[in-house]
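In the two assemblies presented below, subunit A is common to both, partnered first by subunit B and then by subunit C.
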Partner chain A sequence: MATLPQIALQVKNLHFAYKPDNPVLKGISLTLPEGSFTAIIGQNGSGKTTLAKQLNGLLRPTAGQVYLYNTDIQHCSISDLSGTVGYVFQNPDHQIFSPTTRQEIAFGLKNLRLSKQEVDLQTQNVLAAFHLNAYADLQPATLSYGLRRKISIAAVMATSPKVLILDEPTIGLDWRSTMELIGLLKQYCQQGNTILLITHDLRLIADHIPHCMLLHSGQLLAFGETRTIFQDVEILHQAHLALPQINQLARRLSSAGVRPDILTVEEFCDEYRKLALKRQVL
Partner chain B sequence: MAPILTIEKFSYAYPSIDISKEPQWVFQDLTLDVEEGEFVSVMGPTGVGKTTLCLALNGIVPQSTGGIIRGDIWVDGLNTKSHPISKLAQRVGMVFQDPDAQLFQVNVEAEVAFGLENLGVPRDEIRKRVDWALSVVHLQGFDLTPLSYLSGGQKQRVAIAAILAMRPKILVLDEPTTNLDPVGKEEILAGIKELRHNHGTTVIFVSHESEFIAELSDRVVILDQGQVAMAGSPESVFSQLRALHDIGVSAPQVTELADCLNREFGQGFSFCTLDLADRAIRSSLMAA
Partner chain C sequence: MIISESLSGNQDTWIHEADPRVKMLFVAAFWAVLLINDNPVILLGVLLFLHLLYGLAGIPGSSILAIWKALLPISLLIPTLWAFFYPGGTPLWDSGWITFSIPGFLYGLMIAGRLVALALTVLLFLYTTGVDEMVLGLVKLRVPYEWGLVISMALHYIPAFQSLYRSILEAQQARGLRVEGNGLHRAKVMMPVFVAMVISILRLADQLAKSLESRAFGASGIQRTFLKEIRFGFADYVYAALIAAISFSLLYLNFNLK
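Let's turn to the complex of A and B:
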């Protein structure tokens, strides 16, 4: 019999307000199994970043609980949590502070009390995995925004946190870097780690991320399989989100017989094949 | 007609800390002309020098940054090496990725008027231009709204209005939509579209957002390894999907679909916008 995966993260009826009269999170409950890969979507100001910061202790709930591997984190310090929960900031400049890329990546590893040899080896591996070798001994501040973003992600992933939270990690990245990052993240999940990724890019989610949750005005409007949530056009519009272009095309072509729930290029090609064969136009 | 922007054999390297090292060239012999009223989008891999190129267009590179420069850039007839940044800035308006890095006044009106006040523009002319700039970005009536009350998309539109009020001949937008949600992005792009159609502003648009680029641009320029690797109409550039992926940049999802349908079914599709894709596929399914 297959064993059920452990629960990595559980949030129970979480409320939060920066100012007492202005609640930002209004009763969020969710459960993330170990090894899951989930996207958080929602318009600017919906509470995505605020929620993410509850999970690593940067912010503390006004009410409700956060459990990390069945431990209530309210008594855990940020540094206790940082061994288990890795957090990549939305703005890389809020995170990077070392004089070289190599030192930035080695910093977190040194804090794990690894030997110098282990730190050097792991740093080298991460530099290679993120194609940052050419920038290893340069000052991050002199590099482009996209490169600084890659460095900020690499530095967090280097410490192998069991739960990894990334706040809009693909902003400013080109197509190749985005594809490489998604490849690394999928692999990281398969190794039993849990990932939560904030993004506005529904095409990225449709192509690569199996689950998503939709935040709207501090409430969880939907949480489940990406495919199911992406069927609800109304709810996505309400949250200022735009469906992938391929889905917009499918919807427009539904009057020509195309299935309106297509989410990827491959699905569209299959649908085209069926229609073209049926109508004998190929 | 002479181009409004001429980049001729432009090479540039930032100052190096270690002078014994060879200069690290960001650009080598980059050449590009832009006609007045043209909408040119610039794409390229992370770190290729897109922001450096923007900064070179109003002389910040190399006048403020130092470094080694070869070749020339002319903006509206002025060489960027020999004219002060303040003079060039009246011709080239820049909007950056992060509006918070650019906005600093208490309310919308003060922000949009700031540049004009510095230029010594008369009071009633300032009023007119502020009203006009706010109407272009659809922020009429927001004059006295504090900047801190605005959404990210609204703030970015204020930044654009503040630049527009100066009536630059060239508007340079360096990834103006990256921090915005899709609705915020649409707001910005609608404003830019209108500028192009109603005011003939020359626009240089730096972005990774191929789907917007395909909708908006006259010409797409792909930078790679310090040079122009590809340039042409959106259709001609985006249809070279393999070459784009080799360089590391994306194409609109409908162009990937065209490529897939061409490979699988021997079609000859080359669309890069939603409208063109809709029309082409609809008619191909009706063919028989």
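Let's turn to the complex of A and C:
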């Protein structure tokens, strides 16, 4: 008999306000199973980052609870949670301070009180995985934005958190680096780790992220499979989001027999081949 | 937090509407009075008067409380140190090694009160004067525009740096940094935050300078015009006269009140 995956994160009726008269999150409830890969989408100011910061204790709910592996995190310190929940911030410059990239990556590992051998080995592995060996002994603060972005992600992933939250990690990365990152994240997810990724890139979600949640004005408008949510045009419009262009094209060509639920270029090509074949047969 | 509210304040009281030069005169005159004055009664009167002005400017009590809270540690430290190190006077307690002097404590209290009053005076100016007005005021006082802008930008960026500090602290805590202990240990623990702050501020300053220069800031031979003009009106002359009268009266009282 197949066992159900463990629940990594559970949020129950979460409310939050920076100022008492201005609620930012309004009664959010959700459950994330271990090993899930979920995107958080929503327009600017919808509460994406605020919600993410509740999950590692950087912000505390005004009401409601956050459970990490069935433990209420209300009384857990940020540094205690950091061993389980990794958080990559929007701006890499907020975390880079070390004189070398190697030391920057080792910082989180040292905070976890790992032995020197473990720190060195893991640092070396991460440098290789992120193709950062050439920059290992350079000052990270002097590198380009894309590289700093990469280093900030590598430094958090080095600590192997069971839950990884990334706030717009692909900004400033070229296509190749983005694909490398997505590949690493998928691999990390397959190892049983849970990933939450905040992004505005709906094409990236359509191509690679199986689940997503849609926030609008601090409320959870939708949460589920990406394909299902991306079919609900009205709800996306309500959140001021535009569908990926390939899906818009498929919708426009639906009268010509193209499936309107196509999300990726590969799917569109397959559909086109099928249609072309059908016409040849006819 | 204090400064951020001051710079974003958008109330419309007569204090806000007064010409920035009048408010600069107010700061200069009251600083002179406070630094010359050695009479505790006058100091108390100035402190009460400043609180009255805060009330008239519509500054919330919570902000005034925040100023007091920020200045409380130093306000307690000064009288305590004066009490132990004041030469002479009647001691409250004398162990031979350590003396606690009452006149010293009272003198320290006076110094602390003066410090609070000086801070309240400047903060009232910041609470009620927008950055643009401040620059215009300085330019009208023949301060070069570039200097005026630098001063106002320095003030303008204080809340931005506060926010930057919070973000960096959060980022490092999320990587397991434990902010604990005090003194040297805490300073060592906070090093990742301070270094990241310095790097970010230097990068910001560099980008800001390039951004200003790329928009012709500092170009020679340019006759600068201003979108907004300030005018020293009748009310401002009255305020200036009142500030002068109050300041001279306080100084007169200081030298003649026993």
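Here is the rule we go by: the second predicted complex is superposed on the first by the 280 of 282 C-alpha atoms of A that agree within 3 Å, B and C clash if a C-alpha of one lies under 4 Å from a C-alpha of the other, contacts with A are read in each partner's own complex, and residues count from 1 in each chain.
We adopt the following convention: a residue touches a chain if its C-beta (ideal position, glycine included) is under 8 Å from a C-beta of that chain, and two chains touch if they have at least 3 such contacts.
Every value quoted in this text rests on a predicted model; they were computed, and no experiment measured them.
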item	value
First, second, both or neither for A:241, with subunit B first and subunit C second	first
Winner by number of subunit A residues touched, once subunit B and subunit C are compared	B
First (subunit B), second (subunit C), both or neither touched by A:111	second
Partner chain(s) touched by A:94 [first = subunit B, second = subunit C, both, neither]	second
A:72 touches, of subunit B and subunit C: first, second, both or neither?	neither
Partner chain in contact with A:225 - subunit B first, subunit C second, else both or neither	neither
Which superposed partner A:171 touches (first subunit B, second subunit C, both, neither)	first
First (subunit B), second (subunit C), both or neither touched by A:141	second
Residues of subunit A at both interfaces, subunit B in one complex, subunit C in the other	none
Subunit A - residues contacting subunit B, complex	43-45, 142-147, 150, 171-178, 200, 203, 240-242, 244-246, 248-249, 252-253, 256-258, 265-266, 268-269, 272-273, 275-276, 279-282
In the complex with subunit C, residue positions of subunit A that touch it	53, 56, 58, 77-79, 82-83, 85-87, 89, 91, 93-98, 107-108, 111-112, 141, 155-156, 159
Residue ranges of subunit C touching subunit A (in the complex, touch as defined)	164, 167-168, 170-179, 191-193, 195-196, 199-200, 203
Parts of subunit B lying in touch with subunit A, wherever the complex brings them together	14, 44-47, 50-51, 97, 151-153, 175, 178-184, 186, 208, 211, 244-245, 248-250, 252-254, 256-257, 260-261, 264-265, 274, 277-278, 281-282, 284-288
